[in-house]
Each structure stands twice: as structure tokens, then as C-alpha cells.
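Order as written gives the chain letters A, B and C; numbering starts at 1 within each chain.
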Amino acid sequence: MARIFELAELVHLPFEGDGNLEVTRVCGLDTARAGDLSFVATARHAAAALASPVPALVAPEGVALPGKAVIRSAFPQLTLVQLTPHVQPPRPRKPGIDPRAVIGARCTIASTATIHPLVVLGDGTHVGERSELHPGVVLGDGAAVGADCVIHPNVSIGWGCRVGDRVIIHAGTVIGSDGYGFLQHEDRHVKIPQLGNVVIGDDVEIGACNTIDRATYESTTIGGGTKTDNLVHIAHNVQIGEHSLLLGQVGFAGSTRVGHHFAISGQSGVVGHLDVPPRVTVGPKSLLTRAGKSGEVYYGYPSRPMREWRRTVAHINALDRLVGRLNRLLGRDDDDAPTQDDEH
Amino acid sequence: MARIFELAELVHLPFEGDGNLEVTRVCGLDTARAGDLSFVATARHAAAALASPVPALVAPEGVALPGKAVIRSAFPQLTLVQLTPHVQPPRPRKPGIDPRAVIGARCTIASTATIHPLVVLGDGTHVGERSELHPGVVLGDGAAVGADCVIHPNVSIGWGCRVGDRVIIHAGTVIGSDGYGFLQHEDRHVKIPQLGNVVIGDDVEIGACNTIDRATYESTTIGGGTKTDNLVHIAHNVQIGEHSLLLGQVGFAGSTRVGHHFAISGQSGVVGHLDVPPRVTVGPKSLLTRAGKSGEVYYGYPSRPMREWRRTVAHINALDRLVGRLNRLLGRDDDDAPTQDDEH
Amino acid sequence: MARIFELAELVHLPFEGDGNLEVTRVCGLDTARAGDLSFVATARHAAAALASPVPALVAPEGVALPGKAVIRSAFPQLTLVQLTPHVQPPRPRKPGIDPRAVIGARCTIASTATIHPLVVLGDGTHVGERSELHPGVVLGDGAAVGADCVIHPNVSIGWGCRVGDRVIIHAGTVIGSDGYGFLQHEDRHVKIPQLGNVVIGDDVEIGACNTIDRATYESTTIGGGTKTDNLVHIAHNVQIGEHSLLLGQVGFAGSTRVGHHFAISGQSGVVGHLDVPPRVTVGPKSLLTRAGKSGEVYYGYPSRPMREWRRTVAHINALDRLVGRLNRLLGRDDDDAPTQDDEH
């Protein structure tokens, strides 16, 4: 709970209307109600804001919102995000190591860190200042977590893996499982020991139930600022560039490198051993099969530039008409009609 | 273990043959053996039943099964399901809170609930009558689980999330991870706090290693009676209608709503921000890219009505013939032959 | 750390060069440095090896590597794998049951096994000689793990499931979740009790966050020597043949059997109720929709033999040219141009 004038002061921005108005929640415009603080991105949303019961908004200069308390910002949503912890303070975190946690030998745990019950820290592990490890988190020997991290329940971080500062890892995620490396010998698959680790940069957020394999000999790396969605699979030796976005159920085959600001939509994949330049984008349900060009958007499998893929899809969906034209041209109607023997 | 006449009495159905016959297991017809109780769905399966060593069957009236003990039911498989716990009683559940569980402040735990060792219940959590929480389950502060639920090992249910009655959640599943919401600012991704929750209706079953994200401000909801398979991903703000079926490795992008009796096959997805009417079906390995019509079945990506998709697939698979015809028409054979430069 | 002459002795192979050279790490050629032992597969890699700072190599006879210490082997990578634990010994494992583990009644735990803190073993469970169960592992009642296994953190193995010898299961994996079996009755989905188990053969490796469902009545089986990557889903009643390879995010629908040496690439699936012969291979992002022939490689959905699929893909990608030819033939340019109304 906070008053509008207090919030405006916190971010050094001007406000209009009732500065003493108290807000208790932040919300999107579509579901905002009395007591909420919301935002207006552009003048296009002003009418919706005026029709809403929401009493307070963050809005750009020049967007008229009569009757509302308005904090003026050039970046309204960013300002709303910055104000959120002041309107809805996060639950307080109690520093300290719960006696029901299991702590190995030679660990270095910051006194400001929170180690919840039933956390297991292997020998020689490190946990940085103000980091919070939730119940069921397991750190293998020598694993290190930086400062200001939140590691959610039942995450495991394997031996020797390293996590940067301000990293969030959601529940159920596995960091440092063995890479999938086997040698064929006499019709059998012989395991190649996976001796490397995983290194996660600063300001990374990893979704729930991700699997990030350790490298065979060196490091699988996740660049700083990168954010992954849920159920993402990253194979051994992969290097993800900084500030990348990996959506739900995406998978990377081994030893591929992607540059910074890589973005890939849900249920897509990247084949192994590519060296992808910065700022490549991949559409949904696609498989990136070539390195591609910086700034380009790829779709489909095999992957093609978006424009080409769209044109091809349009042709595919017009095949019925095309075949009809060809049949008319040839003076017959029924020959070569499609059959359905391929369906299951 | 039970006798046929006892079982028939339990479901108030008539039986024929040896009522004193004891059965010790229920089974499908293909692997049934002496001592089993199986079922015959229609007269078509009578020959298989007669050839099987199975001594006892549930079968519709009018299907002759000489020499077998037969319980007569209009819904044979349903009756078999209802009799299963009487033939193979589930392991007894001991109510109570194991002393090795970790219980927060102000929890309300029904005296008939079973809290296994190494469960962690945050402050203010609720567990209803006869519910069972297996080892490694973590409930965040204020999370609530209804009556008659089974929460399997290593499931985490985040703060403030609510689970209805008679819900089963399989191992490794994550309820209430943060939605994937980021704001782009100066080439960086700024986290939008995810302050909503997940609300799961009654009679829901959630498979293993699902990830269901909390809403940004309100609730991600799973309608009553819905069943999800394993490794399903449901993004923030999604609303799944009642009695839906979500098969393995399916994914939903954010803010989509699907109506009741939605059904989607394995490895398929639904794009974000759709409002899908009731009783829409999606085939396997497809991506639903439009809301569609109630009662229709969609396949492919972009998604198309099944009939149209099948016709298109048949055309695609006949392209080699089509190109051949066109080449003959034009009096040349080799021009425009396909090349393989797109493979990887 | 080991000397070349000691390593050569261990595998009974000849060496050349400085036998007293000490190596401290094994590595691939691309990142090898001073102190490493690497390998040369064929003469093609000799130049890279000579240009590398790596002082020691395993190489076939006849590949000249002047100035390097060389162990001669007909299978250089296999030899490197065999030598790895002698160069980089694994962390020592302390046998015994940690007092913070939870042990049920009537368990049989080998005295050489390692049961880490916060493991939960149900009643009547078995753990074989030298097996290691990491923190957070939960074995349901009657579950059995063979000898020389490693079960990584937060794995759950359901009641009655059986794991062979020399099996590795990576973190977060769920063995024995209920199969997805529901009966439709009056527009509701009625759960069919899943009473079978999962049986995993010897020498199997299961990746992280896999979900392997128990059979309805009998056993879901994973054949000996099979290796699965991460986030693989195997439905109830499936039978995977021996020495198969299942890559990341692959899924199997229920009751399918695949023969030995099955191989399936990432993000692919197999439909239910198939009986697939030995040595079938499936490409990436495909759906195997028919049983296929032994030795054949299938791609796409519906699945087709690779050669046919490649030819079809080439035709698809040439559609723009094909339509242009047809338009020229018909003397018009703009009619039937593709539209983009299908995109989202």
C-alpha cells in the first residue's frame, strides 16, 4: 500500500490529481479495479483507462486522463514495474541457515543468505549475499551461486557449476546433468564421461523444469541477461549469447553457439554445431538448421527466412486450386486426385 | 481379492456362472491370466475372451461367454474401474503429520490428511481432509490443497496457489512458477513481477513434470475435470476449460482461453491470446493458430480443419507426380528437378 | 593425474615418446591445452593435433605425431574413455546410510550402497551393491534399484518399479507416474487405475526430467543399454528395445513397442500402438506414424522414408517456381498468387 505522491517521489516523476490516493495493488488495464495502479502505454489506451474503475495510472505526458491520479512517465510500464515492490512489498526474507538444511564441509555461505529447510549443500559450495535457496534445492560439491539469487524448490545444481548474480531459477530445473555423449563400439553405446560444467551469467532467469547439461570438457554457458521459459532443454557445450529469449519447450542440440539477443519461439529447436550470429530470431515450432544472418527471422523445418516460408505456406495451402487448374488444363478431372493412404 | 458374487453386489449388477470364483487382479484382455477379472466391451471381443485363460469378465447383456463367470453391465469398462479397488485394494494410508515434515506457522491441516516425511508446508497453508502429500512436496506460503487430493513426490505449489478437491498431481510438477513476462528497455529484458496465482478446479489430474505458471495479476485456471499428461506447459494467464484433455508435451502460450472439452494431442501447441470455443480438438504435432469453431478438429501449422489438412498433405505427397506431369506437358524432363541444398 | 607409461599399462597398449609425462585432464582436441590427454580418431586430425599445445594423445597406429607422447590404439576414443577415471578420478563415494535419510520398513540396502541425506525409501525397497542415491530421491513402496547405479537428486521411482544394474538416472526424472488412461462416461473422464509398473534394464542411462509412466496392468519396459536424453516422455505400456537412443524432448504415445537399436532425433514422437521392427531411425521434429521397415530412416509427419521426404521438401521449396511456370504457361501472372491470410 502506498500513496501516489510517495510513489512519484520514489521514481522522481511528476504526478497529477489526488496525490494522497492510496493504491494497494498493481494490475493490467483489462482487470484493474478500485484501489489499483495500472498504466497506459499510449494515447490509444486512454479510452479504456477512462472506462475502467482504476483510480490511478502511470501514463505518458500528453495523454489526458481526467478524474484519475496520474504519474507521468516516458516509460509507463517500466515505471509501473519499478513501483510494484513499493505497492505490494514482497514477503520478508529471514536471513540464516535453517537447522534442517544439510551443509557440507568447507562451504562459504553469506550471512545475509537464506537457506531454507531441506536444502542440501555439498562440500565446498558457495552461496552469495542475500541469495535465497528454497526447500529441496541441492547443490553438488563445489557448486557456486552468486549474490541476490532466488533458487526455487527442488532445483538441482550439479558439482562444479557456477551461477552468477541476480539469477532466478524456477522450481524443478536441473543444471549440470551429464551431456548426452556416447561412443558406438560393437553395437553398444559407451558413455563418454562428462567432466565440464555449466556457467550461468548475471541477471539470467531460468524457467521451471529446464535441463541444462554440463559440457563434456569445458563449459556450457548461458549469457548474462538471458531469460528462458519452462521445459527448455540445452545440451552439452552449447553457448547461449547474452540477452537472449528462449520460449517454452525449446531445445538446443549439442555444441551450438548463438549470439546475443537470440530469440526463439515455443516448441522450436536448434540443430547442433551451428555458430549463429547475433540477433537471429526463430519462429514457433521450427527447427533452425543453418546459422543464418544477423537480424533475420527464420521459420519452418528446414528453416527458411520468414518471408520465403510464408510464401511457401501460402502455396501449400493453394495446392488444391493449383492441382485443379492443372487438371482443367489437361482436360481431366479425377486423375491424380489426392489419396489419404498416408494418414494415421 | 474378492468373489464374483460380492463384486456384483457392490455395483448392484447381475452375474452368471460361478459366483464363488475368487479374482485377485484386474487386467486387459490381451494379457489376462488365471485369477484375473477383465472386461468385454462389445460382442466383437467375445472370441478373444473365450480364447483367454481369464476366468471372469464384465460384459454387456447378450454377449455369450460360456464357461466364464460374467458380471453383466451396460458399461463394462466403467464397472471394471469401479470394482478395481475391491479386487486390488490400494495400500492403506496412515493419517497424520510425520515429524520429519516441516510445517510453517498458522497452517490448517486436516486431521485425516497424510503429510509424509520431508514435506515442507509454508506459512498459512491449508491441506484438506484425507489428502496425501508425498515426500519432497513443497507448498509456498498461503497455498491451499483441497480434500481427497494426492500430491506425488517433489511437486511444488507456489505461494497463494489453490488446488481443488479430488485432484491428483504427479511427481516433479511445478504449479505457480513465475509467468514469462519481460519488458524490453534499452536492449535489456526487465522482469515484470508475476503477482497472480494458479487455481486448479476439482477432479483435475495433472501429469508428471508439468509447469503451470502463475498469472501476472489474476489467476491462471485449470477447469474442473481436466486431465493433463506429462511435460505439459501452461503459460501465465491461460484459462483451460472444464473436462479438457491435454496430451504429452503440449504447450500453451500466454493469455489464451480454451472452452470446455478442449482436446489436444501430443507435442502440439496453442498460440497466445486466443479465445477458443468449447469442444475444439487439435491433432498431434500441430499449432492451433486461430480460435476455430466449436466441434471442429484442427491439424498442422498454421492450423487448418482436419479435412482440408489431409487433402493438403495428400497433395504434398503427390508433388513428385504433379511436377512430372507438368514437365511432360512442357516437353522437358530435367528442368526444375528438386535439389537438396536445404537439408542438414 | 597419471603418467603415460602407467596409462598404457592399464589398457595393455604400446606407447611412444615420453612415458614419464604426466597428464592431469582429458579433453577434446579443439580445446586441449598443456597437461591434457586427447585423442586423434584418424590421420585427418593429425595436423590439428600437431598444432595443438596438447602433449599427449591416443592415436591409431601409423598416424605420425612427432614430439607428442602417443598411446597407440585401434579405438582411440574408446581408449581415452577407459583411461579417463585414471586421469581424473571421480570423487570418492562414502558407503553407508546418512542418518538424515528416511528409511521404511523391511528395506534391503546393500552395505556398500550410499544413501545421501534426505533420501526417502518406502517400505520394502531394495538398493543394490555400490549404488548411490542422491538427496531428494524418493523410492515408493517395493521399488528396487540394482547394483552400481547412480540416481541423481530429486528423482522419484514409484511403488513397485524396478531398475537394473549399472543404471544412471539424471536429476528430476519421474519413473512410474500413472499412465494417462481415462474412460469417457457421460461427458466426463473417469480415471482407469494404473496398476502396472516400470522395468528398466541393465546399463540404461535416463536423462534429466524424463517421465516414464507405469503400465496400466503389466510393465512399461526400457531395454538394456538404452540411453535417453533430457525431457523424454514415455507413456504407459510402451516397450523400448535394447540399445536404443532417444534424443531430447522425444515423446512416445501409449502401448507402442520399438525394437532394439531404435534411434530417434530431438523433438520427435511416435504414435501409439505401433510395433516397430529393430534398427528403425527417425529424424528430428518428426512423428513416426507407421511401424516402418528395419534399417530404414523416417522423417516428417506423416512419416516417410528419408529420401522421399527430402524429395518432397525440395518440391515444396520449389513451389514458387512451379507456380510461376504454370502461370506463364497459362498466360497470366497475378491470378492465384499466394495470400497470407493464414499467418498469425
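Things worth noting here:
Just so we're on the same page, contacts are C-beta pairs under 8 Å (C-beta built on N, C-alpha and C of every residue); 3 or more make two chains touch, one makes a residue touch a chain.
The model shown is predicted, which means the values in this text are computed figures rather than measured ones.
Viewed as a network of touching protein chains, the structure reduces to a complete graph with every chain in contact with every other. In a homomeric contact, the two copies may use the same or different surfaces; for subunit B and subunit C, under half of the interface residue numbers are shared, pointing to different surfaces.
The angle of the rotation carrying subunit A onto subunit B, fitted on C-alpha atoms and rounded to the nearest 5, is 120°.
For the pair subunit B and subunit C, the distance between C-alpha centroids works out to 26 Å.
In subunit B, the residues that reach two or more other chains under the touch definition are 118, 136, 154, 172, 209, 231, 249, 267, 271, 302, 304, 313, 316-317, 319, 326, 329, 342-343. Against subunit A, in their complex, subunit B makes its touches with residues 102, 118, 120, 136, 138, 141, 154, 156, 158-159, 172-174, 177-178, 180, 182-183, 185, 187-193, 195, 209, 211, 213, 216-218, 231, 233, 235, 249, 251, 253, 267, 269, 271, 287, 301-302, 304, 310-319, 321-322, 325-326, 329, 342-344. Note for the complex: subunit A touches subunit B at residues 25-28, 31, 75, 77-78, 81, 84-85, 88, 91, 100, 116-118, 134-136, 152-154, 168, 170-172, 205, 207-209, 225, 227, 229-231, 243, 245, 247-249, 261, 266-267, 271, 284-285, 289-290, 302, 304, 313, 316-317, 319-320, 323, 326, 329-330, 336, 338-340, 342-343.
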